[in-house]
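Structures follow.
Look for chain A in each of the two complexes below; its partner is chain B in the first and chain C in the second.
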Partner chain A sequence: MKKRLTTLASIAALAAIFALAPAPLPAQILEAELTVKGLACPFCAYGLERKLKKLPAAASVAITFKQNLARVHFDGRESPDIGDFFRLVHDAGFKLEELRLLVRGRRAEAGGEPCLELPDGKMLPFTSDGVGAALAREVPVGTLVEARAGARAAEEDAGRSRSYILSIESYQVIPR
Partner chain B sequence: MRVRSRQERRTRTRAAQRVWPLCLLGLLLAACAPGPDAASRHTGAPAYRLVGMWGRQGAAPGELNGPMGVAIAPSGEVYVADAENQRIQTFSPEGRFLSQWKPSADPAAHLEKPVDVAVSPAGEVYVADYDTDRIYRFAPDGRFLGAWGGNGEGPGEFRSPSGVDVDDEVRIYVADFYNHRIQVFDAEGKFIRQFGGEGHGPGRLYYPTGVAVSGACYVADAYNHRVQKFTLEGGFISSLGGEGSEPGRFKVPSGVAVDSEGNLHVADSGNHRVQMFSADGRFLASWELADNASPELHSPVRVAVRGREIYLSDWANHRIIHLRAAPADD
Partner chain C sequence: MSRRTRLSHPASRALLGRRSGERAETPVRLARNTGSAKPRKGRRPSWPNDMPKAHDVLVAVLLAGFAPGLARAHEPIFGIGPRTIWKNGFGLETEFEREREEVENVWSLREEILYGITADVALTLEIPYLLEKSDGRSQASGFGDTMLRGKWRFYRKEVWGGIYHAAILGGVEFPTGKTSGVALGSGSYDYFTGLAGAYEGRRWLNFGAVRYRFNTADKTGFARPDVFLYDAAVGFRPVLTEYTQPDVVLMFEINGEVFGKARRNGDPVAGTGGDRMFGSFGVWFTYRNWAFTPGVQFPLVQNMGPLRQQRDFRAVFAVEFHL
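Right, the complex of A and B next:
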């Protein structure tokens, strides 16, 4: 009986520790701003809004109809694939003109190219020009960085985008 | 018999010569002067006259945020599906705020994106919710009575219900936007039939957004830029419009209503106007949005009619517009 109680107490203590422990959120896509041409019709715009709400970890979606802008905030539990934005907008009958992201990731290298690495192992390469050049040159690999960046398809495969590249607009190093 | 003297005749002739130019000037001024509603295009008889407008962007009672559906109850009260405020509001015919329903206390009754509203002859209220894929039914006092639907393509399922109307026998007609069809239900939501289907030919639909039932079923076939008329059983009767901005043509017509004389009113959202047609489809009149601060957006999106009173939901400008149908010489 005493042994069983001890086991139960241990399980309860472990459960409490896991419940209280903060979720590890070292890096993720925090925010996306989509410029989508043709949000004039409410039925179409609401259709796009509905699709964006279904993105993994989307916390809120706001559409500014007059500016053709959709803003998505993410809760950090999961990072969507950049390709999801292009696919969803296309499926809703629109074209994604511009995608800007707020990304938190570790400075990394892949195939000799500068990247930001997300916690799930996704690598987001960035162009090594302008602000991106400064990030590649001055920030050591492994450093946690928060960056605002434009995203575009890097390669096309029979008309279907398959990889994406960031163009860094600004960044800041996140202190440990 | 009185004989006018030469002097008298001369004086009268001179007076007439002075008066004629004044009369002509008066006629010219009358022709150029604005009518009762300067924004209206009196292109036929009868015509639309602006009665008033109400609403402004906000979330307080009486304010609106993306008003979509508009319906008139048998009592004359105006019901508005206030889409982005996730509620139904009711107003007096003159636009005085009366009540709001935001049934968030009951999760089953939660409205996520109410885009259309219809009122039955007994005063029951039906709401189409674009995001939850459901039709909600409320008592005249706002009490939640039930809901049906769910996401899918099968009978009784929806992919964004975009328009709803009720006929005199309380059958509910629903425009099913992404399924390109009209579905018909009884008052409790039991599926009766469906018609349409994706396409561009007669009887086919391409993103239908609005439906009105009055002897026949009229569908705002938005992205075919036309209004189609069906029998209540779904048989194709006729089609009206086609893409364009000339009178009688449409750009994304998104709402329809039929008045007691059988005239058809169409919210021609991409052309920022409402158009009126006779029962046999002849163009009668149009009225273009006044003081439109958002010409880049599609609006008005809905139209509701009772007698000669017409209400438009001006989604882009967050207001309701009250018009009256009247003969041009009224």
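Right, the complex of A and C next:
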């Protein structure tokens, strides 16, 4: 009997630990693929690696000269601002030509525009044309979605601040 | 190379950039004042009245090994390029150099700290240390003149697998080296400015630069010659490696120096001035944020007049670390 009680207590303790542990991340930027101009030598590209590792939740950075690519994998709840990618690449001495993201977020609306909402509250608007139109039309607000998208500057305010918009290339609904 | 018997004093070397000529001409006359421009071999000359005094010579000697470089980060080994470092990045470099000019041997060490204010503006502090300088008559060692210099990369156009860029260079050398006894500093504030441009691609790299060094007078009224320097370099990467692999680039350079006249109390010193050109070969070995750059330089043409020694060669080995 005593042995059975001990076992039950252990199971209860484990259950309590799991209950208190943070839930799996419901949404985030999972991966970024940066097509970079100016990548010529490894010694100089080290600065790019250093800069990209400063992105919030960046877990790893891989640079490929042959494809002019830098890939960043993220592992965390916090998400970088899209503008951070462009700023950090410039500060490293290169030019970010194209940014593609793998994003997991909830379908949302902000100011009448379709968006993906990240867990830290960031809203990533996306264009409502092509695949984006299908996402906006067919996926209800609040649904968890994983999307691959390109990011580009949407507008510029007197040359100082920029906002960015996603162009959805593909998506899939994540089952609850 | 023809070895004219000249002074063993590399006096007043205007160091404009350690990597490409930088040393100003020695305003010291080696020959006896006998009317003959050709000194007798193996004899130590006396100092004619119209030439700089022993003090000047000492000042020159001290400067022998100190040819300050420019903010560098993957640049020509004896020349200079427009490359800076990323914003808030630091670079540490230790460079070991040996130079021989006829009877003179110089072993020197330079420590450099490079900082990127932005991706296009970099500052470098250089602290030279002369390990040993021997001219057959005396030896000197110790710290030399500290130099602060900067680059502003005013143009940069990134392309696929390469970059075109250009930078303005400038700097000042402070008279921090001692000038008494065997002097290790110039005793004067000296300035330089320049322009560098490059295309750096995956396979080929091309560099070009011009610099001008203004040397002011020291307390005795003696000023080393101003120097104009020009550099052209081509780099070739035989194997296109990936980012995480070691990288090798072969560098071929032409480095030229054109010297003005040394001045005493504003008056030109006779027998100074001239020009010379060098050919250089070096290799960049890099692995991520480490760079190892050995190089050697030989004279191609030297028209330096009777008061200057001929340079035999210069060799450098630098280790650079970025963090």
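The definition used in the following text is that the second predicted complex is superposed on the first by the 151 of 176 C-alpha atoms of A that agree within 3 Å, B and C clash if a C-alpha of one lies under 4 Å from a C-alpha of the other, contacts with A are read in each partner's own complex, and residues count from 1 in each chain.
Basically, a residue touches a chain if its C-beta (ideal position, glycine included) is under 8 Å from a C-beta of that chain, and two chains touch if they have at least 3 such contacts.
What you see is a predicted model, and the numbers here were worked out from it, not measured in a lab.
Would you mind checking whether chain B and chain C clash or fit side by side on chain A after the superposition?
Aligned on chain A, chain B and chain C clash with each other.
Answer with first, second, both or neither: which of chain B and chain C does A:R50 touch in the superposed model?
So A:R50 meets both chain B and chain C here.
Does chain B (first) or chain C (second) touch A:K66, or do both, or does neither?
Once the two structures are laid over each other on A, A:K66 reaches both partners.
Touch check for A:R176: first (chain B), second (chain C), both, or neither?
A:R176: touches no partner chain.
Between chain B and chain C, whom does A:H90 touch in the aligned arrangement: first, second, both, or neither?
Once the two structures are laid over each other on A, A:H90 reaches chain C alone.
Is A:R137 in contact with chain B, with chain C, with both, or with neither (first, second, both, neither)?
Neither partner.
More residues of chain A are touched by which partner: chain B or chain C?
Touched residues of chain A are more numerous for C.
In the superposed model, only one of 147-155, 183-191 or 219-227 in chain C has C-alpha atoms clashing with chain B. Which one?
The segment of chain C occupying space taken by chain B is 147-155.
Of the residues on chain A, which ones does chain B touch that chain C also touches?
40-43, 46-47, 50, 65-66
Can you list the chain A residues touching chain B in their complex?
Checking each residue of chain A against chain B gives 40-43, 46-47, 50, 53, 65-66.
Which positions of chain C touch chain A when the two form their complex?
Counting only chain C, the residues touching chain A are 73-74, 83-89, 118-120, 156, 158-163, 200-202, 205, 240-245, 247, 249, 284, 286-289, 291, 322.
Quick check: in the complex, which residue numbers of chain A touch chain C?
My answer: residues 36-51, 63-66, 68, 90-95.
Over in the complex, which chain B residues touch chain A? Could you list them?
Listed in rising order, the residues are 66, 68, 83, 113, 115, 130-131, 160, 162, 177-178, 207, 209, 222, 252, 254, 269-270, 294, 296-298, 301, 315-316.
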